[in-house]
Amino acid sequence: MNDKFNYIDSIEKKLINYRRDFHKYAESGWSEFRSTSKIIQILEDLGYDLYYGLDIIEPSVVMGRGNDNYVKEQIDRAIKQGASKEIIDKMKGYTGVVAVLDTKIEGPTIAFRFDIDANDVIESTEEDHRPYVEGYCSVNKGMMHACGHDGHAAIGLGLAHTIIRYKKELKGKIKLIFQPAEEGVRGAKAIVHKGVVNDVDYFLTGHLGFNLESGSFAPMTKDFLSTTKIDVEYKGKGSHAGAAPNEGNNALLAASAAVLNIHAIPPHKDGVTRVNVGVLNAGVGRNVIAPNALMKIETRGENSDLNEYVYRKTINILENIANMYDLNIIIKKMGESITVNCDENFSKVIEKEVLQIKEIKNIIPNKILGGSEDASFMMDKVQKKGGKSSYMVFGTKIAAGHHNEKFDFDESVLGTAVKVYTKLLFKFNRKWN
Amino acid sequence: MNDKFNYIDSIEKKLINYRRDFHKYAESGWSEFRSTSKIIQILEDLGYDLYYGLDIIEPSVVMGRGNDNYVKEQIDRAIKQGASKEIIDKMKGYTGVVAVLDTKIEGPTIAFRFDIDANDVIESTEEDHRPYVEGYCSVNKGMMHACGHDGHAAIGLGLAHTIIRYKKELKGKIKLIFQPAEEGVRGAKAIVHKGVVNDVDYFLTGHLGFNLESGSFAPMTKDFLSTTKIDVEYKGKGSHAGAAPNEGNNALLAASAAVLNIHAIPPHKDGVTRVNVGVLNAGVGRNVIAPNALMKIETRGENSDLNEYVYRKTINILENIANMYDLNIIIKKMGESITVNCDENFSKVIEKEVLQIKEIKNIIPNKILGGSEDASFMMDKVQKKGGKSSYMVFGTKIAAGHHNEKFDFDESVLGTAVKVYTKLLFKFNRKWN
Amino acid sequence: MNDKFNYIDSIEKKLINYRRDFHKYAESGWSEFRSTSKIIQILEDLGYDLYYGLDIIEPSVVMGRGNDNYVKEQIDRAIKQGASKEIIDKMKGYTGVVAVLDTKIEGPTIAFRFDIDANDVIESTEEDHRPYVEGYCSVNKGMMHACGHDGHAAIGLGLAHTIIRYKKELKGKIKLIFQPAEEGVRGAKAIVHKGVVNDVDYFLTGHLGFNLESGSFAPMTKDFLSTTKIDVEYKGKGSHAGAAPNEGNNALLAASAAVLNIHAIPPHKDGVTRVNVGVLNAGVGRNVIAPNALMKIETRGENSDLNEYVYRKTINILENIANMYDLNIIIKKMGESITVNCDENFSKVIEKEVLQIKEIKNIIPNKILGGSEDASFMMDKVQKKGGKSSYMVFGTKIAAGHHNEKFDFDESVLGTAVKVYTKLLFKFNRKWN
Amino acid sequence: MNDKFNYIDSIEKKLINYRRDFHKYAESGWSEFRSTSKIIQILEDLGYDLYYGLDIIEPSVVMGRGNDNYVKEQIDRAIKQGASKEIIDKMKGYTGVVAVLDTKIEGPTIAFRFDIDANDVIESTEEDHRPYVEGYCSVNKGMMHACGHDGHAAIGLGLAHTIIRYKKELKGKIKLIFQPAEEGVRGAKAIVHKGVVNDVDYFLTGHLGFNLESGSFAPMTKDFLSTTKIDVEYKGKGSHAGAAPNEGNNALLAASAAVLNIHAIPPHKDGVTRVNVGVLNAGVGRNVIAPNALMKIETRGENSDLNEYVYRKTINILENIANMYDLNIIIKKMGESITVNCDENFSKVIEKEVLQIKEIKNIIPNKILGGSEDASFMMDKVQKKGGKSSYMVFGTKIAAGHHNEKFDFDESVLGTAVKVYTKLLFKFNRKWN
């Protein structure tokens, strides 16, 4: 493997440049037009078969995507910031790309998945924030790579280079999935529904950071929370609050009642549940009975049944309150992820392989995620089809917590992660157990 | 009086031009920089002594004014739209102007008050809306003269012209008060606190429209609702809704509880009360325990005691809920008006005088206002100092209800109103009872 | 008339004895078995045709009556306290009686109505309470004549004596209605539905006290509040609050949510509305998710539309909350009254007549009731059939407010009221306008 | 040991008689006057030193005990049902007894604890309920031994007999604690505060049933939930709901608001919490603003910190709501228990010993309690003083769940449990590790 590791060391600067370019032109979920365009151009040059737009996205299960006007604005900006208009036209409004290398030699299908979207965060412009100081701070206000997906995209490109370089040593089929809209767990489901992972034998993905130090590595992760994200709109009727209070159908009052009842949903004897109305915006003016309300809500559960329990209760409350206050209600699913378990035996093999990489100094046997990740949809599908899947964590020193305006990370993790994926690719490219 | 009435007829076109100019460059309360500048220029040319800025506004009781950045933006736009930079500099950020004509001959002090601000309404651009068709539709999006204060300002200027023309026939002192920020009942109190009406013997103001037909006139008005407008901010603590729900201090949940309890304040045996939380904006993200909430609230009462009853209950709820959820609370008074009664004897005299104007065909003896008006502060102060005050209504056909995006009125009311004010000026410029 | 007035003076002691006997054996609404039995015995002796039990009560619209067990207990006690078992058997469980005198001579039908029930109040046994001191304090704990219906029943009996004495001077038909269950406005509707007042030309009733002094008299009353009384039961499912909170359907939590939303029903622009959840009893144990809740609720309105507005909103909230918490709901109507207006011309005649009685020294032209009275059902029915009706108030000094545990009144009002009814009987027994 | 086991077999009938007597005269917590009196009489005959009343109860930390009137009624009934008046006089109103056998030979102090109170349950009188059929059904309505404490008391007496029989073989000191008021976790704390377990080296207690089959035995138990029980009274001000709604301070509305906010207390990241308002009784009449409310509340936590978290939040809500509605609030602690861990090494020894009893066929290594038990106070105190303690479970077939109106158990567990306690007594009466 040393030839490959040396090669990867030689492209470190390139990886950092990729990462910083993505960082500078940060794009939120379903808006990654420039990022996707850049990735496509690089992969095209490398000779991959490329699939994107409606080839890889099932629009009927797309969640949390802006309306046509919004998408149009995002595209316009992407083009101004260097995206290829020709590629974007082919994307048909949907971001993300899947690169396939088919060796035509019999062998397993291995898929690697990298998420590429930024967060809705205003990046710090203080003097202790390296991206600002070194000039790759986000130029798109309110969008920032505060969770390291810029790094994930760069790692994916690094792996793409390495694969092509050593292509002759490989067999079977390799898929590189650059997924949009992981934040808010919105994108993976639409890719799974298009069948992209149906033929996959080995599925590998992961995340950098998560409070693991540089040199630490977790071959598997547990405790993915099942979650559902919804936006709920109440539409009532305005009226003058002084002159005709009885003529209004008060959406603000109704939403307030819903909030209290939702937060009072009883805990479940079988385990952890969560519910949060995180955002409530209602009303048009102080002296008007509020005709409108918008709530951003999420439910979670230790497993899918528990999430379903609290989700059903929430919907039931929202609908009955709407009826009670004579309101129209619109409920939109904005995101979703499920629980999944990594395969323990598979992770043991990963652990053994990875220990042969000198940068990996410390194994965390079973990292608790304690959050939600929509890679779970892909992992679950692969497992149900009889394949193996794992979600790994690559340690790296971070400058501030994930989603914080000063998030940044030690870029040496980029090369390390490419080495891990490369090592595992060559392991699983032949039979291993 | 016929000479004066003929003169007023001769300036009708000028009045309409004034009104349409104010309409086109509509400015919301405390943003009337261009309007004030224009009024000042005209009154300066006419030779009045002028007072404005901190000369007539007591900043410590100013309510509902934007922050410095906002004021700066308003000023910049006003200058772009033709305001005099020199005048604006002297205004020191505060709008409104008082013109004084001191005849130096012994006699009473008579004040006339005109409010000049627009509403936060997006004006209609449909083909049945005359301001749009005839090209004087508001160019300031979200600001529209939808309550006729453009007309009030024009009437005030018309009266200013007439006074100067017939200045030799007058004695005592005359004050023309062009008041900012009547909408939301924000501006009058600050003028009263500066002492502007302390020396006034007769105080006259009024409103056009209010569902009275052209030719109808109400010499006095009753049932001013006492009201208080507040903005309430809750500041709590955010935390991850899934991972650490107990670490947040949930301002959204608290605000919801406050809303329900506020709307459940019991009615009062002594008469009508109202309370409304018209706007609630809370939260920063779906998966974050909301650290912030803003509520726009108003209370009303048939009289000051009833308003005070419901206001006290509201504040009490807001503060205890803040304490309950461990939040900081900031309560800002955004507007206020009191109840006042017009003087019945005084209005009898007004009625008798006004019936001598041929345009006035119908007297409505005691118009029910059924809303709130901060002229009440000025009227009350004048009465308490021993003077007389009345709030009159000038009938005019309107195209749509007050505050509606298609509001417009029959401009013949402008001249009629100037005649009314002029007739009353010459009546009360000498002893009348 | 003096012969009649002298006769009435001569039976004053009898009236007082009647009143004190009813007071001592106070019986709450639908429990007036002993009171009814006593009245029947007296009226039978006087020779009236008597109708009672299911002859005068339509059971399908009876409201707020106890279950069979409760009724049985009431009957047993009544018999122990001197009621005639034979009469009670004929009552078939329903209290109240109508006495008819048909002169067989052509003439109008005049009805007088007297309510006979006590309140659910524990009577004072302090030394400053005359009924206690003089030995006619209620012997039925928790039942007390704290609203003067003991006096009403005595007045009705006094009138019955007088009528028989002067029977030869009368024509037409006379009805004396002794109504059960006025408290909680439960009894009148069932009598009206049985047709008892369908043929009535003149209907007279009234109340003693109401803060009018002895010697004062109101010939009519206004502002009857329309009201509806309901009992609402929620039935959910209990579960262990620690071990399985999710398995319960929490009726206590649901009722709490209902209470808040009901009290937040907006006021109505057209006038006064009221709603109150006066009693809430829920739960079986501290550590059990409460499977049950009972709410006692009333709605009121200045008129029937306003009561209907707030009643509909209340029911809507209750039903949607039940659905929201997966509860069964049982709503029972426990009482009801409507708005009615007395006939002004009719009351003018009453006033003129009554002024001829020396005990009446002061006329209150139009007494505000400001409460609810189910005589309104009878008055309304009579008016709709073309008859006249009025609700009068007989002033008398009271020892404490109505419904207070120390309520008592100056018994001289008994004779005065019999005189008023007698005077009006002889007036309306012939044509009067 | 066989001599002892044979002896215990010989007194089986006696044990069953004891149990059925306690069952028939079931007494709720702090009302066990007859039960205590009977136990005292038996233990006196056996020759124990006895301590009871204020000797073993610290009244300042007694929780959930009725008022003097209630206690008096309980005593009167107990005497009617055969309690010794003389003994009861010495009890000074407090139930429970501690029997001490001091061998005067050096050796350890071993304590055994038996709870003796019944539940607030109405016992079934259906034909499939053995206590009813066989004539030992509770004669005290609303009090029933539905949790097997009648068995515990009988086991304690069985052990007392055995100890006296084999007294010469023993050394050190033996304490038999018959504890009142375990239901609602009210009694143990007051005994601990009196110092009763301060000198104890080995502390043993346990429970029969808990879904373990006859023949099964758990040598230790885990997951005691920490809990606090409170009664909360709100005192407001009544007023007429129609005529003067503003004059009331509405305790029912306030309690409803408190309930919603309490049930909306956020879950805690560190583990399970529970809160329940199980009972709410408020109001005096449908048409009165409710002046009063009573809530029965409990909080629980996986550990004391978690219970404290939810308890603090609950109190904070209750107090702020009281302030918000201008109410007086009275909070009474009605019960309390803490978390405790059994000693694993100690339980291993127990396990080994107990396996030598032929009736024990199956060991459940670490039974999850999942509820609350105030024996925890005693166990914790013993452990903190350096002693050992364990809470064991004795399997027995039950006829219905604990606290159910048809609860009953296989009485063969009585003898088995006496054998267990006896075996352990002789083990720990000498040094064991």
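Every chain is named by a letter (A, B, C and D) in the order it is written, and numbering of its residues begins at 1.
Heads up, the rule we're going with is that contacts are C-beta pairs under 8 Å (C-beta built on N, C-alpha and C of every residue); 3 or more make two chains touch, one makes a residue touch a chain.
Just so it is clear, the model here is predicted, and its values are computed rather than measured.
When each chain is reduced to the average of its Cα atoms, C sits farthest from subunit A. Across the two interfaces under comparison, C-D and A-C, the one joined by more C-beta contacts turns out to be C-D. At the interface between subunit A and subunit B, two copies of one sequence, more than half of the residue numbers in use appear on both sides, so the contact is built from largely the same positions.
Look at where the CA atoms of subunit C average out and do the same for subunit D: the two points lie 52 Å apart.
Between subunit A and subunit C the centroid-to-centroid distance comes to 70 Å (mean Cα coordinates, whole Å). Of all residues in subunit D, those that touch two or more other chains are 243, 245, 250, 253, 257, 260-261, 263-264, 266-267, 274, 289.
Residues 243-248, 250, 253, 257, 260-261, 264, 266-270, 289, 309, 316-317, 320-321, 323-324 of subunit C are the ones that touch subunit A when the two sit in their complex. Taken in their complex, subunit C has these residues touching subunit B: 260-261, 263-264, 266-267, 272-274. In the complex of the two chains, the subunit B residues touching subunit A come out as 120, 184, 225, 227, 229, 241-243, 245, 250, 252-253, 255-257, 259-260, 263, 274, 276-290, 296-298, 300, 334, 370-372.
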